[in-house]
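Written below as structure tokens is the structure these notes are about.
Chain lettering (A, B, C and D) follows the sequence in which the chains are written, and residue indices restart at 1 in each chain.
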């Protein structure tokens, strides 16, 4: 089983040269720590920056320079700053090559729910609905099951949706899966996790086709 | 043109109960601190506030919430505010949650004379309820309408008496689009400068979008998530 | 009868403190020469400048600083430069207080035609359709009759329209007229022009209510 | 990121007959002179060009018209070009004339993932023919669709290898919105600078909208209407 950093590390392997990437709050944010050496990618944060750098050193924090998680950040050489409408023009206009975000539930048709638990959690969708509706390439980073052990990979989402038929790939603590017209297609197992484990933890349609390799994480 | 007013209280002249206000900022970054403080002092109630977030319990729009001045919030994310959640779940506060990109674009549209536009964001979710749906390039989109406000309260870094503004870093965020969408836009700046000091080529908000401007004071610029990395060892 | 400068001078009297004004090509451009002393107005040109100043002195022309008529211009202190989408956001969003433009024909319901003579002149509408459809306050500056002596103030425009029911006021070489639901309402006569002259030169419905004063042009 | 290509010919790689190109500029101000010259050399034909104007007979897009490379123009104003008028009235050239503001906004929409929007411009005119009409606030608006292009050819003042651009004066005009709307956007700049030389706070076009960039040469920057005033006497 992977921990949060392991999930981030595995997703980092999906990055390609020259990509613009939007990382959501939580596990996705950790991906920036695992960029392969020499690979040029730029991070966008939807509050209005492209070319986001690492967190600042202590005493160098600037209240006027934060990411969408409200964390203090830095700007790299070649960065640019813009307003919220321009930021979502980039997102909606499909100029972002990859979006990674967390989820509470994903359905085997690619629906995603991650913004609301009726009567309980009402934080809002932030930019998530724009991101999932617009991106050609969305990876969901999450744990395979919730705290009670119930699957988060479902036939149908039970929570209010963030977007429909949009998730293309899922990386969990147990597996890498593609979302296909036939359901979740198992691509890789996490170290020490069996196909049976994954079957047991997946409520939605699961396709297991031939031998499923174990992930390689450097 | 001289749009300078003396202070935040003078800037707010004309704001009365039950009005709709836009308030710039993302989280606590780039919020009009002086105008919000003056609104608390003014005590107007029944406000509809359009703002990406609702501040935290003791700062930003949270101050207006504590003071029960807000009737309705139109936002995209309100997760940092316990009083907000309490008022909302208790039915005291109306809330319209809308996707962040749609919020930004609806403000811009309001300022740009575009009454409605199509976006894919929110299709198939509760955000789409009651909205027109139309396919473009085989993909469903929903029709979103423009937002405007009686007053827009925004914050910039520097400005001149024509109302020209520049912002600093990610404190820009929603401020430029809300400046466009306010029937009366009130800009507070950290520094008022003479016309000509701002290079015409690098002005973020042209003065035409701003009706009143004043130099704010005592900016707290609170950081919500102070996050740092370790200094590298010198070896 | 007024000449082109006279028409411009008369329209300049309509300007009010603090107004943003868009002046079309031709007679409207001349208005900038007649701004009353001490009156603060700012000129917008739809190619992307606010705070347009006078023409440059010789040898100070900048190819990167022109107005919508492609003339070299200057920028005043307090000017701002922006892209075409932002420029028309100002126009469409009704942030401009007054638009003045020329016309080939105006109808007594406020329709305007100024962009096309079928089979003959095909220059295009430029920004005129956006301007007339958006502005709350449009003044048309033109000669009362065409070169053949035919009225340009008509019951109905014969040329392809630029906009419908949008013109509010017309200043010609002969008169100032408001466009009202009942037709052209005569407000002022040009020096030396009689009401009868104006009646004869106006094809559309003309309302003459009481004594019509002569214009005062300083 | 390194998006720098050696020259205009390399920048145009992939442009073939019958493609749709956006070309920045207003009149001859801010046009991509080097890319246009390279297009003439490349000799591709059947082009659909989206550009506010069509140049003059012997400069700008006029060069492509003379060379019969353009099948269709989508513009707002083409009054400075006799060859254009000849080809158009003679039926050799298809022309779609659209209001300037709608042209700018349709390009922005194309880049911003907004497939259509409502505008009052053109209602009741031949521009509205065949378009959906809808009333907002008692005023009729028409539905306009987004524009995109296979390639956008734009011109900026300075740029870096990330594709970040700044423009100078009114040479900005349509360039930023066309940069957004090109599937492949080719920017030519007067000066390539190192990343970091352009202040992130004052970049007009963020690099994400630009796929290729090169430093142009021999800019003629022709002035269409040289207009001057008299020097004041010194008395």
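What we mean here is this: contacts are C-beta pairs under 8 Å (C-beta built on N, C-alpha and C of every residue); 3 or more make two chains touch, one makes a residue touch a chain.
Please read all numbers here as calculations on a predicted model, not as lab measurements.
Asker: Please give the intersection of the contact partners of chain A with those of chain B.
Answerer: Joint contacts, listed by label: D.
Asker: What's the overlap between the neighbours of chain B and those of chain C?
Answerer: D
Asker: Quick check: more C-beta contact pairs at C-D or at A-D?
Answerer: Comparing C-D with A-D, the pair joined by more C-beta contacts is C-D.
Asker: Hey, how far is the Cα centre of chain C from the one of chain D, in Å?
Answerer: 28
Asker: What's the distance between the Cα centroids of chain A and chain D, rounded to whole Å?
Answerer: 36
Asker: From the mean C-alpha coordinate of chain A to that of chain C, what's the distance rounded to whole Å?
Answerer: 55
Asker: Between chain B and chain D, what distance separates the C-alpha centroids? Give it in angstrom.
Answerer: 32
Asker: Return the residues of chain B touching two or more other chains; collapse runs of consecutive numbers into ranges.
Answerer: 105, 108, 112-114, 119-120, 168-169, 201
Asker: Where in chain C do residues touch two or more other chains at once?
Answerer: Each of 49, 75, 81-82, 85, 88, 91-92, 134 in chain C touches at least two other chains.
Asker: On the basis of the stated criterion, which chains touch which? Give every pair.
Answerer: Every touching chain pair, ordered by label, is A-B, A-D, B-C, B-D, C-D.
Asker: What residues on chain B touch chain C, complex-wise?
Answerer: 1-2, 108, 110-114, 160-162, 164, 180, 194-196, 200-201, 203, 206-209
Asker: Looking at the complex, which residues from chain A come into contact with chain B?
Answerer: 45-49, 54-58, 60-73, 75, 81-85, 87-88, 91-92, 111, 119, 122-130, 133-134, 160-165
Asker: Give the list of chain A residues in touch with chain D in this complex.
Answerer: Of all residues in chain A, those touching chain D are 18, 20, 40, 42, 44, 49-51, 75, 77-82, 85-86, 88-96, 134.
Asker: Of all residues in chain B, which touch chain D in the complex?
Answerer: 105, 109, 112-120, 134, 136-137, 141, 145, 166-169, 201-202
Asker: Help me check something: in the complex, which residues belonging to chain B touch chain A?
Answerer: Those in contact with chain A are residues 26-30, 52, 75-80, 85, 88-89, 95, 97-105, 107-108, 119-127, 157, 168-177, 204, 221-231.
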